Structures are given as C-alpha cells and as structure tokens.
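Chain nomenclature is as follows: A, B, C and D, assigned in order of appearance, with residue numbering initiated at 1 for each chain independently.
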C-alpha cells in the first residue's frame, strides 16, 4: 500500500465519515484532532457514535452541532477546566435530546481498543471488582481464570468504522510519528476499518525512516494523510505549540448556555471555510502566545553496515 | 527510587542471581545480554530456569556450562545459523542430562511476559486452535468468550525472579533507553522481582530526559545498572556495533562437539576475568570488523513553555 | 509515619514537625476550607512515599507542592503515561506538555496502566471525588439515579483502575457534609476492598483502597483494609462534634485525635507565587 | 494470478511470462533442488501481494529477490517488529540490523503480533518447515515422539501465530520425500484450518492456512480452505510420477499441471552476486 495518500481534510472526511458511523477521535489531552472534528461539523454529519477516552471540548462541540447521538467514553469532563455542559444537559435533562452513553474506566476503554486492534474476543483487566460500572454497562463481563485465581472482568473489542488521529508528522504514504503523550492512537487506528491521520507536517519518507522507532502507526493502517498545521488547537502538539488554556476556560461559560454554544459553532466552524480560516480568525497574536521554545530530543544513531 | 544504581556486573549478578532461580535474559536477536550471561557462567550458578523467546547461542553456552536445568522458550535454534547442539543433545539423548522444556509460540511467550508485567491471571491470543502445542504444554489453556465467539487459548503470567536486559543507554538511576528491535525487554523487566540492566553507556539524566519517549524501562523497575560496552557481543547493539555473524557460524561446530564447547567455556569465560577481558581476548581487529557507520535519527523537539 | 499523626492537638503555633524538626516557623492563617490549606495537608501525606499517581484537579497542585517541600524525590506518575515528571511550571491538568518535557519516561498508556499501575508500582493514588462513604467507596459518576442523574459527574477516568492496584488511595474532598460523606455512595465508581470482597469468586484487587480522606474539616483515616473511615485529625478551629455532625454516618473518633498543623506561610507562598500563579486550582 | 499457473508445460526456454511479457530472456540451468531455484520460485509467489511476513531462512532470501524483481513495492514485515524494511544488504536473519536501519516502522513485538498479524494485515506468511502434510499442517517441532524426539527441531517461533492470522501461508521445503510430506505430521506445530475446525467450540482462525508448498520437485497448492494439497507444477526435468512417488499420501494431480519456469540468469546473478554474497542461504 505505497503511493501518496495525501488529500484535503474536506475530501478525507467526505470519503470516510458517513452518517450513523462509529467514529473514534483519539488523543489523550494531547494531539486531539480538533480540525478533523470541526470538519465533521462543517459537513453536518449526523447520528455518529463518538468514541473518545476523554470526550473533551471536542465532543461537547460535536454534540452542540448535532453530529453525535451516542458516546462511548471513560471521562465526561474537560480535564482540569470543569464541566462539559452540553454533555450534562443531554444526560441530565435530555435537552435537546437524550444522549446514549457507554461508560468505562480509562484502562477499560483502552483495553477495548487493544482487543479491537488485536481482534481478540475480549481483554481482561484488574479493574471493576466491587464497582457499580459493570451493572451500568452490560458489556463489561467476567470470565473465570483457568489457572484458579477466580473471576476477572473483561471488556469486548471496539472496532470503529473510522479512527481519526492527529500527529506531529507523517510521510505521504501514512507512516505516522508522534511523541509526547501517545494516548490510544495506535490501537484505535489498528482497530478501525478506515484511518484518517492529520499532521502538523507531511515530511519526506527519509525523515521518517531515519527514526523508525518513532513510527507508531505504519502506512498500511492509514487511508488518508492530511497536512493540517495547528490541527490540534485548542489542544496542543508537543514541541509545536502549547495548549490554549484560555480557550479551555472560555468554553465553560459558552457551553453552559446552549444558544451561545450554537452561535460559537456558527461563527467559528460554519463561518470558516476550513481550518486555515479558523486559524486566521483566531489571529496571529493569539497563536504567538502558544508558541513554545525548542527543546531538542538529541539524535541517536541506527548505524549502517559497512563495506 | 532515585539514587545511583550503578554497580559492576560481578556484583549485580552476585546480588540478584541465585541457584535455582527463574531468570529471563531477553533480547530478540538484538541486544542479547551475553556479557551478563557469561558472568552467570563465571559465578557458576546452577539449576536455573532460563526464560528466553529465542534461546540462541547464549542458552547453549549456559547449558554447556551447567547453569541451566529448565528452559522456557519459543524457538530452539540459532536464527539463520542453524542448530544449537547442546540443547539438542540434552533433549534428544539426555546427554549429559535431560533438559526440561516449556514451549510456546513467540506471541504466546510474549503474552506470558505481558500477563506477568500486568499481573493478569491470563492473556488470550488467537494462536493454537488445532495445534498440538497445548497438548504438549498444559499451561496453555482456554476460556470461553463471554461475548459468544467460542473458546480462545490463553497463557498464564510469567514472573521471573530476575530479568536481565542489555540496552544502548541508561542513566545512573536506571531509566533505560533502547531502539531498533525492542523485543520482550520491557514486559520481561516489569514482570520480574529484580532487574539488571547492562548498557553500552551510562549517560547523564539530561540525555535521557531530553527524549523521554525512548525510555522503555523506567528507573522504578530497575535494581542495578552496569556499563558494559560491547555487552551484547556476539549479538549486536543497533547503532553501536553489528552482529558477529562469523562467531554465529563458528559456534555450530563448537556446539556439535561437547568437549570443544566445554573447552570454549573454559577458555573464553572462565579464562577471562570479566567482559573487558573477553573483549580484549577477542581483539581490536575483530571488533573493527563489527563497527557500523553512523546513521543519525535526527532530532525532534519536545518544546518548553515560555514566559 | 505521616505528619498528622505526630502533631499535637490544641492549636500549636509550631508547624509540622516532619518538616521543621522543631524549629519554629511562620504559620499561615489561611482557612481550613481553602485550597491552600487542603493542598498543604495533602502534600504532607506524600512524605516518604516513592511513587504517586496524581489524578485530575487538586492532587496535581498537591504533588507539585510536595515535590518542592516534604519530598523532593517523589516520583510523579500520571495516567497520561508520564513517569518521573520534572515540570518547569505547574501542570494545568494531567496531560500538560510541561509534565512531558524533561520527564524520565513517556510510556504508552498500556504500559502505564498495565505495567506501572497493575504491576503494583504505585504507592499512593491521589484522587478527587464527589462522594466517599463509610468503607471508602468512591463516587465520581452520578448524583442521584444513574439512569437519569441529577448531576452527571466526570465518571471514572482512571479512578476505578487506580483503586484496584495502587497500594493506597488518598482522597481530597472540597466539601464536608453528609452529601459528600454519606453512609453509602449513590453510585460506586471505585470500590473499597471491603465491597470488592463481597463479589465472591473474583480475583481480589491488591490495593488497600482509601486510607485517607482530607476534607475542609479534618482528616479521616481507614487504617485497616477491612475497616471503615474514622476521624484522625480536626483542622484548627474545628470541633470534633462539627465533623461528626457533618458526616453521613456515625463517624468513629480516634482516641488520639490530633489537630492538623497549619500550612507554613512558605507553603502558601509557594502555592500562590510559584505554583498556581494563574489561580487555576486556588479558586 | 501466480507465475506458475500461467506457464506452459514442457520445458519452454522462455522464462516467466509475468516478468518478461513475452520477451525471450536467458534462463538459468541451476537444478530445481538448488536454493537459487527454490528462492526464485518462491519470490514469484509474491507478485501482486501487499504485505509479506518473512520467516527465518530461505524466505528471507526469497523476499529480498522479490523486492528486486517481481514486486518492488512489497512491504516486508518481520516478527522482530520491522515493518516496511528497506535493507541495504541481505538480512542474515529476521533480526538483522540492516532490516531496522531505514525501515518505515519499528514496532513493539506486541504491536507486530497483535495489531499487524492478528489484525489481519499480513497477506502472505512465508515459512520454512520440516514437514507439511496432506491438509497443510506444519511441523517445526520434533521428528518422532515429542517426549523423547529423534530430532529436536526449532519449534514454533512465530509460525503457529502466523498461520492463524496471515491470509495465506507459503512454505518452502528443501526436501521432497514422504518424510517431509507425510500423510500426517508427527507433531502439528502450526495447524491447517481443517484441523482447527475439528476443535469444536473454538473461535476459528481467519487464515486460509498453507496454500502453496514449494519443494525441490514441484509446487503443491491447496486452493480450497477446506481442501488438501495437490500437484500444480513440476520443476523442469521432473516427472509427475516422481513427485507423487515421493509424497507420503496419494497426491492428487491437477489436470492443468504446469512446468515451473526456470529462473532467469538475472535472478541467479542477483542471488549470488548482489544478495547472498556470503553464501549464507545458498549452501
């Protein structure tokens, strides 16, 4: 599966994300694929089952925009910055409509992607003994250890129709490299039928191949590669730009008022043609505040056989 | 668990490897901890249960030297270079004594380390349906999927008393970085009660911390750090030196003749005080033939928050 | 072993003996319900511990303070995969880039939850909660009926994974009333080993569960894996009766109940001027 | 689809049509039992395949040749974790440093076996064997009784993992006699899906099992997941009767049995002068 997979975000989303699909947008606090999520909003997809360990503001926005009817997740708030009010309105008041949720712990959710990627019928973990979570979620089941230590909880595979991730870089074939917090991106990609990777930069194959241990998602698992600089904003890309924590704080009052949230979607997503337009609207000055100073990893050698 | 763990190989082996223990020396073709294995021979340990996915020449040598009475493994030959005759003599002719073996496939063996590291009572995998391996090895069992897809084979945890690995570099606290083929080193280390890491180079903490994604075994899992340049010979260390393929070919006739093999152990292991002595005996010229040209990975940035 | 248990009752003006070794230092008058007070008390719990798994919120603040005061060598572990963080600035959340840059290891989440946590390497799991009950069950999921809750809380995150495998759990609560400390939680997200044991035939978790709950009124401890929470210390100006009256069950009071030492002014200065300069947690 | 099935029977001196598109090229007279011959036949099996999992030994040689001739775009995957190898020299084994340097990805073994293999990304698993039987079971463990074997073979390595999940398996044998091709293997290391199905109630492997066996006498194929191996091609100078007489069961012969095209002199030159210059596999 060689050959360039580079395309535009509009084309990638149009080609791979369809109404009613199960879509994983992964990125644990870091490298959250906001630009791709915003494009799903622009294309007005409906009735998606959204899979994300930490739904974050991105899910709140997709819910406000009416794209999502079901949520598979393990944390229903926005990191340190408080509640996601659209999620709360849906769950607590069924306003404007109920939201079906399927809930795990972080490791339970991660193990679902692992089982999905490995085509295992289930994955055991040590969590949940004594917890009410299995009663709430009948997909959490248990099996007896055949070695005599009693029963252990298991989770079933999660195999999204599409997984979308953001990374620092990939080559045109889709060999994808990320560093910093790597989240559930690799198993979520391998678990999916189709994978879209957005990156800060499409780089030469030689750049990737100089450091193959950094490739966490090889080309064979990737269907579309899109260069989207700043594509994780307001989350961050390690070494590229920092989290827009001010935006995270600003979202709380926006999210609390459904009309304001709708207006935000209209202005910032439907009101911009693409992510470049969104960033232009954000402005150079705000972006300047997110810049980070370089902190080089240093280079190691892989060696070449001589003679 | 901060503070230097740097010691000598003689001290590390004396402190952590005792007769009758279950010892994992991992490294999949790459970074095989030969120097540590040779030190086990020098210290005349007995009755060890040796765990290695690919026993390789190292296990053949430990068997010749009388250190090992039991072998847990998934491949009983020496890569492309043919039979390990000491293993074959033990198994086929019980000469000079039988060798108890416990056998898995590669992924089965890997999953045992995984289950050991994660303290899971078992790990499922898709292998073995229809194979005779479960009949040969009663530790390979099966469980029924609670999601209705039938039974699947599982393997139990493997928790060595000691795991020994070799790596390109670590800091004095034991934060260990390796690249190239990473094998079962990380799960084998986490599965063990004690861990010895030998490295090509002990580096400053700043070097490790400049690229934290390369740390596969953090300090908290490591008990002893030993700087042993060339410690993987005759296997290799990516970027440092190449495999001594000539030695691999030379071992076949040595291994075929038990008296020759014993003489080799006497001359090369008992006849040298330590690994530096072994390398000196090997000679500068032979080492020159294993040198590799540099192939830099290039540097990425992790970024620093400004202001 | 902890700062609290060595402190005297009765509003002494000398600060935590474990820190100052008898030297008199300035103590701060910040009220016991303040984030500064809670964070300082929480930070002291980390004296002598090797490895701490810090959850979202106030725990992030407390571990930062601990690393600057009572335990510079403490190894900070985060569910995002960070091991041995050396942040140059306060982390605004458990996935902040400052936790990553300069850390000792950046593991996969599988290695973090599987090897580090389930592997038994975490001494203290440091969590926030909406409710903690008598035997140390934690609720972070819902208030009310979970089919249509009054309040949808964040859910488990890593909490129900952490409680199963961390050696012990320290919880910081920002309220102390019968709703936050009920006889039994509305929903058990992260179970006490007492509750886990009732699930007959299951492989039992290795963790001791919640051993310490720090609230705006005092410190509750559950010294016995099979036991219940009891009052170990009251904060300055708080009476034992106030604590028991605001707890949702008949709270047992230890015979040696202590008074919590006040934060040092230096602790409060560090929190305000060097750690949480943006007032993210110090609300 | 394969080179063999498009070739004519009867010792034509024109080489493989799939490679040369009708142009007459020099063919080599290396004997069919030579490593050069076997590697060339094996390499041609890879035309049109995306992703190949190369085992220890002759397969390593064959995939190198395939990448230089019939399928430059083939993605080479090794159990050591290498994905998309671009070796600058012939790999002396599946863990050779030349497979790592310049590769597209160096995955953990968990990702390689779990995600890539079990995940269904491998089109062809390319294995050596001591025995292959009628329905395509592979023995790489022991000859004789496994409790005290006559010959202790290398064992499974990755083979029993690969056969369960690779779309199909190609085996190269260096002998063709009833001992190497018995009615039933002495020990089944890596099972045919036919044998797997007899294990009632088990989640069945997705792979088709062994579809092709290349021997010094000919090429056997098992076109049906539920079927048995049959003779599809004989090597030049070999009769059908020679093959059936040296096979341990009543080998079915296809109506359209072909003659294997000889290697091109260029294939042999590449193998000898550019690939296996140290004569590691070309023994």
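In the analysis below, a residue touches a chain if its C-beta (ideal position, glycine included) is under 8 Å from a C-beta of that chain, and two chains touch if they have at least 3 such contacts.
Not measured: the values here are computed from a predicted model.
The chain with its Cα centroid farthest from the Cα centroid of chain D is C. In whole angstrom, the spacing between the mean C-alpha positions of chain C and chain D is 59.
Averaging C-alpha coordinates per chain places the centre of chain B 40 Å away from that of chain C. Measuring from the averaged C-alpha position of chain B to that of chain D gives a distance of 30 Å.
The residues of chain D that reach two or more other chains are 82, 97, 100-102, 106, 114, 118, 165, 203, listed in rising order. Looking at chain A, one finds that residues 114, 118-121, 125-126, 142, 144-145, 149-150, 152, 179-180, 182, 186-187, 210, 213, 238, 242, 292, 295, 302-305 touch two or more other chains.
Taken as a contact graph, the chains fit none of the simple arrangements: neither line, ring, star nor complete graph. Screening every pair of chains for touch gives A-B, A-C, A-D, B-C, B-D.
Of all residues in chain B, those touching chain A in their complex are 118-126, 141-147, 149-150, 152, 154, 156, 168, 179-180, 182, 207, 210-211, 213-214, 238-242, 291-306.
The touching residues of chain A, when paired with chain C in their complex, are 28-30, 54, 73-77, 79-81, 87-88, 91-92, 94, 103-108, 110, 114, 125-133, 136, 142, 144-145, 149-152, 179-184, 186-187, 236, 238, 242-243, 245, 292, 295. In the complex of the two chains, the chain C residues touching chain B come out as 50-51, 73, 75, 82-84, 86, 88-89, 97-98, 100-107, 111, 114-116, 118-121, 165, 203, 206.
By the touch criterion given at the top, residues 1-2, 114, 117-121, 171, 173, 175, 186-187, 190, 205, 208-210, 212-213, 215-216, 218-221, 302-305 of chain A touch chain D in their complex. Within the complex formed with chain A, the residues of chain C that make contact are 56-57, 60, 79-82, 92-97, 100-102, 106, 108-110, 113-114, 117-118, 137, 141, 146, 148-161, 164-165, 187-193, 195-199, 201-205, 278, 280-281.
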